[in-house]
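To start, I am sharing the structure in question, which I have written as structure tokens.
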Amino acid sequence: MASIELINLTKKFGDLTAVNDLNLVIPDKEFVALLGPSGCGKTTTMNMIAGIEMPSEGSILFGGEDMRTIPANKRDVGFVFQNYAIFTHMTVRKNLEFGLKVRGVEKSEIKRRVQNMADLMRLNDRLDWRTSKLSVNELQKVAIGRSAVTEPEIFLLDEPLSNLDAAFRAFMRTELKHLQHEFQQTMVYVTHDQIEAMSLADRIAVLDMGLLQQYGTPNEVYNKPHNTFVANFMGSPSMNLLPCRLTNGGGDHALDFGDAGTSMIEDGELMRRCKLARNADVVFGMRPEDIDIQPREVGRPGIDMEVSFVEPIGPRTVVHLSAGSHSIKVAKDKQYPIELGAKVKAEFPKGRCHIFDAESGNAIGLE
Amino acid sequence: MPKPLHSYIWRYALILIAVGLALLPVAWMATMAFKPHTEWVTSASDLHWWPHQETWGNFEYIFTGQTEAVTVSHERTAGKPILASLVTSLLGTLIAVVAGTLGAYAVSRFKVGGNLPLGVLQLRLFPPLAVMIPVMIMWAFLGAMDTWWGLSLIYGIVTLPFAFWLMKTFFDEVPREIEEAALVEGCSWFRVFWKVTLPMVKEALASTALFVFILNWSDYVIALLLTRKEWVTIPVYMNSLSSAMSGQMYGAKAALGLIAALPPVIFGIAIQKYLVRGLTFGALKQ
Amino acid sequence: MTKKKKPVLTTLEREGKTLGLYMTLPAQLLLLFIVAFPLCMQLYVSLSWWGPLDGVKWYYAYESLNWFGNYGEIFSDAKFWGSLGRTFLIVAVVVPVEFLLGLGLAMLFADKFPGKRVFYSIMLMPMMIVPAVAGYMFFMLFQSSGPINDILSAISGTKVDTVWLADPDLAMISVMIADIWQWTPLMFLILLAGMVGVPEDQIKAATLLGANAWHRFWRIVLPRMKTVMIIALVIRSVECFKIFDILYVMTGGGPGVATKSISVYILDLTFKDLEWSYVAAIGLFILVALSLIAVVGIYYMQAAQKKAEA
Amino acid sequence: MSKKMKSQSGITRRQALKASAAGAAFTAAAGIGPRWLKSGDAWAADLAPGMTGGPTGFAGAERYQYDDTMSEGRAVAAARKLKAEGKAPETLRILMADGAIGHFTNPWPADGPTLQSIWERETGIKLEFFSVSPQEQFSKVIQDVTTGSNAYDVYTFGYAAMGDLSEANGIVPLGEWMDKHGADFADPERGMPTPESYNMLYKYGGEPMSVCYDGDAQVWVYRKDLTEDPVHKAAFADKYGWEPGPPRTWAEADQLAEYYTGRGTPEMLGNGNMMSAFWGISTWYNRYVSKDNPNQFLFDDEGNTLINTDAGIAATEEHIKSLDWSDKGGLGWQWSEYYGAMAAGNSFMLGTFSNCPKFLDTVNADGSPGSAVTGKLGSFLPPGNQFGDDLVRRSTIYLGNNGGVSSQSAYQELAYLFLQWSGSTRIFSLLTGNPGGFFDPFQLANFADPLVNQSYHDYHVPIIEGTVARAVPTLAIPGQFAMHNTLSENLVTAMTGGMTAKEAMDATAKSWKKHLRKKGEDKMIGLINAAKSGWSTVIDKA
């Protein structure tokens, strides 16, 4: 069992609180991504799990066992650094052997396991090279292989793919998934790339300013963001967030967008849950791909807007709409037929709306 | 890397011991400088740490040639030797560092200079006393005996190897790409050296200069043989601090030693932040 | 990065070569200046019996020409070999001890801790003390009624009145201690520079791969410091070979000849024995011998480097 | 205070002590102010009738004044003449050891002129002193000689280096000038105590080569108070059968050393003699040279070494044995530490440079004792060996300081005249009494001088005189530094157990023989035998 529990985990560097009262349970054999912008505390969290940093408060349990007194070299975690930290004075083989040697593994066993790992990582013909001659992609493979070869139950990866070229990054993603399958480790993966996180992880923990924002499956995090930060951070282009006022115009729910007009809301279910917040300032959120563009005068909820900019980005077209002081992005199929300056109506389909409290940014009406 | 508390205790304990040992003779010197004559007679079986009667007499003696407790006044005072040491050590350092840096860059970059590297190495290899006879004769012939330039020149020469070899290892490590980029921009080689490469090794340059300065500053043998009166340096002058009355004047020597420690210490502290990085000898190719 | 031989130099390279020649000029001139006359004179004089007591100028040395007489004498000169042996003994003891102490200190100072800057500055103090002064201080410290015996007495609880400088073996040890005191800081400084140059990530990586402190030091830090260590050892060995000031002040080479180093012997030959032609021969002998060692060493290092790169 | 100092004769020892200390303190105080100087010829009016030069301005100055018939007066007259002829420099350059220049630059007595000012006012030629520490003194001289720097007109050096410098053509013979200008160095009334001592300190190879500045006979001092102590007196007599006091023989000296080791507060060591490298040679010499009647030479007339004979080995064994009563740390000391041990009351006796009581037996300005042994010292003639009815007491002149004329100087005669002036009996008496320097008295006139008696103590001066008469030279032949160095190294090695006495002497003898061969045996033997004329012939009655 190698579940990881973080309990009230806090790390302070002087006045700066890098990680603030973090509680997280990472079940055994799961692949969890720590996601957030730089400086959000994700690497610090990772370092604390590994034992490179000691928490200021709180505790870390591996499989229920408190790790406080266990030094880093006894925690048996695999760790892949962002810059790989390859031992440049050694050959590839020596790098791969390192973890096994210091554990005192038998020579023949070392040879076998290194061979296996080299096969797996396709590093066979590089084994006796000096690492200074390797490409970045190969260094990455050595770094992962070097940690994996000791078969740790917990595997931590600190932005391992950020230095790679796009094609190899995609390849490595599948490789990593593969690897986790093979070795059945508990994997913690630090990234600031939400696509990477969503494609790889079983669960995503979104962090910001040292605080846990949301923890859940990629689906949950994407579709039910707990707050504007998560909503904004996940997805590309990110969710449209429009400050507005929730009114109770004539018994019906409506959103007052000020100079952009008012829109009724059809989503009765959501509104019911928003009852308490009537006549309050809120943030209305909707993912770009959820918004419909319709001719005006069609009587569905939405606001009249004008096409201000059309952005064809390969597989999709992003249409920028604006009205008054508001502007939104709408994602459509490629070659979506629309003209600049067209007067359209942005429609907000039922069941896709998100309402956040304007002040706290927390989602309103989530179950 | 987190460390358990007990490792800190161990570390501080060891560091305190090391610092204590390093300071022991320095502390002895510092207190000795304030001891009167009666408290430094080594055969009197009463050597103690703290002066029983603190006195500034030793400083007075080396700067004025006399002090109350010592009947015999001294012909020489420390003022001129301190000046002589400063002038010759600094000039010697300047000569060594300039010639060494230029030469090292040329050898490192352009592979010119032939046997220069080995030549300067040999210069440092063997005891200076073994070649001082011809040097003495040559200096006398040139009228360089007991002159500031004569002493500075020999200092520059004997410490040239250090400056050269240290700087060469640094230049070897400076990435060519940066220089090449500047060359492509149309800089001349010398401008590249002056404006691009030199600023990159300035930490190393500072450390090298300190090192060379300390070597020059500590010299005794060369100054002994190449000076007479006007440009006698501190270590040579120090040898004169003995009298028929009181034998070796340890107090005065300690007082002078204390003063003599100041320039290197000040220099060292001034470039302290460069010191560690500056002395890696470029050996840490990543 | 293999260098390709190009038959024709580019303009830039040609400019570089020309500038390079000018830049080496000061160093070359200094070298020539100190080598040309003194070396010739040294060689010339070494082939004669000439000395100050002859009462003639050095250029009349041919009057007492003996060709290789002085060189022959070197081989039967027990005092010379004795001094050389003692000098090598000092180097062989002092340099490794300084190295190990310096390494230990560097390990203590490798990472950050409160007060590091202050302690670090203090640790460098011995290097800043003029060696002759240090010699006088150690002379007093090592007196039988001196502070070192006092400290030893306090530690051991019994009265220690060891006679340090008047006993042949203890005098040697005292001199070694003084030299170690003075020059361990240099070792420390160089080795610390090497140690902090080891990237922290690699040390962390090693830790997380299960390496304990010993593994990290032995397998990561040390191999990376190899060049720095060699440089530190070479510098100290070369300088220690010339040991003079501190030793001369403390013991004058005595008691008897117990601490007579090669530099002290040469000084005796120069100003007591007045055997200047013999000094010249010894100087050249040492120069040639050490140069041979240096050339072989450099060759070996270059070969090792090439092998490592291949 | 200065009134007291003017008392010329008949002063008690106590008064002398006080005066000496007061003079010393006064010197220091006066030295800070501007140096004594008189303008024009005003000083000439102060001279005693008939005198043409010399110090003025203090009571008793006339003792040191001179006219044109005296050695000093002739020198000054000749110097003036040379200056008038344009054969004199503006400034005469003199190389001298630190601690000796005070003889010329410190006013003495405190209200008197400096010697430098006397010379300068009388001749109009300035003096420039180049100071050098004593251990570098010879190096500086030989360096100047061989490099041809011509940086000094006058060199000073240990008298034993006369041979080295003569052979190196560094100094020129002085005999002709001595005759021409009538020096009084060998004057039987005022000069050297014996012809032998004159030969020893002025001549090399039979020719005067330099002028002696410093006697440096090894004179013995001891703790008189302890030998007079009734308890010790009885205990000692009980053990050795004679009352403790100045020893006549080395055997007696060793008994004293043995007895007093471990006695007294603080516990003392019986043998305070210099035993260390270089300095200890003199102690060994003292013991060795009295091993035969009239002298135990170092070489016989054929140039065979005698140090490795039975006598030499016995002397060496006794020397090593005497280490038992000596400070074990002393092998690393220099002379000053031995002085210090004596001053602190840690040693019973010490045969060393004659100025020892001058520095140890002192009274502070406030009347307190200047050292732990103030008023407790006595001195005695060197111990010796008995041969029938003869008692051969011997001491050695070790180191010393002589002035020589540089062969490179363009003003050799003038340089000589300076040496004659400052080394003649009147001026030198004034010079050596001056506590500002370490040159010790050795001329008959010095010993009669009240100021010298003040500084050196009246109990000590007659002993110095007797010791100089019984002194023999050390090796004073070319290469003596190397030969002494070998002797010193082997002695210390033997003392630290690295060799037996016989091995040490054999090794030294072998090296000495080799040295003679290398320098030309015939010539060297000639020089050695010539130097024997400097060995004392004074024999005491047993």
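Lettered A, B, C and D in written order, each chain numbered from 1.
Criterion: a residue touches a chain if its C-beta (ideal position, glycine included) is under 8 Å from a C-beta of that chain, and two chains touch if they have at least 3 such contacts.
If you're wondering where the values come from, they're calculated on a predicted model, not measured in any experiment.
Trainee: Treat each pair of touching chains as one step and give the shortest count from subunit A to subunit D.
Mentor: Contact-graph shortest path, subunit A to subunit D, evaluates to 2.
Trainee: Pick out whichever of the two, B-D or A-C, is joined by more C-beta pairs in contact.
Mentor: The greater number of contacts lies at B-D.
Trainee: Closest chain to the protein's overall Cα mean, using per-chain Cα means, please.
Mentor: Per-chain C-alpha centroids compared to the overall one single out B.
Trainee: Counting only Cα atoms for the centres, state how far subunit A is from subunit B in Å.
Mentor: The separation of the two C-alpha centroids amounts to 58 Å.
Trainee: Approximately how many whole Å separate the CA-defined centres of subunit B and subunit D?
Mentor: It comes to 40 Å between the two C-alpha centres.
Trainee: Where the CA atoms of subunit B average out and where those of subunit C average out, how many Å apart are those spots?
Mentor: So the centroids are 15 Å from each other.
Trainee: So which bits of subunit C are touching at least two other chains?
Mentor: Residues 58, 139, 143, 145, 199, 204, 207, 224, 270, 276 of subunit C touch two or more partner chains.
Trainee: Considering subunit D alone, which of its residues make contact with at least two other chains?
Mentor: Within subunit D, the residues that touch at least two other chains are 139, 146, 148, 327, 329-330.
Trainee: If you look at subunit A, which of its residues touch at least two other chains?
Mentor: 51-52, 71-72, 88
Trainee: Which stretch or stretches of subunit B touch subunit C in the complex?
Mentor: 1, 8, 11-12, 14-15, 18-19, 21-26, 28-29, 32, 40, 42-47, 49, 95, 98-100, 102-103, 105-107, 109-113, 116, 118-135, 137-138, 154, 156-157, 160, 164, 169, 183, 188-190, 193, 214, 217-218, 220-221, 234-235, 238-239, 248, 250, 253-254, 256-257, 260-261, 264-265, 268-269, 272, 275-281, 283-284, 286
Trainee: Can you tell me which positions in subunit D touch subunit B when the two form their complex?
Mentor: Against subunit B, the touching part of subunit D is residues 24-25, 27-29, 31-32, 98-99, 101-102, 105-106, 129-136, 139-140, 143, 146-149, 151, 266, 327, 329-330, 333-341, 343-344, 346, 355, 359, 435-438.
Trainee: Using the touch definition from the top, list the residues of subunit C that touch subunit A in their complex.
Mentor: That would be residues 199, 201-202, 204-212, 215, 219-220, 223-224 of subunit C.
Trainee: Report the residues of subunit B in contact with subunit D in the complex, numbered from low to high.
Mentor: It comes out as residues 41-46, 64, 66-68, 70-76, 136-137, 139-141, 145-146, 224-225, 228-229, 239-240, 242-248.
Trainee: Going by the contact rule set out above, which residues of subunit C touch subunit D in the complex?
Mentor: 49, 52-58, 139, 143-145, 163-168, 171, 250-252, 254-258, 268, 270-276
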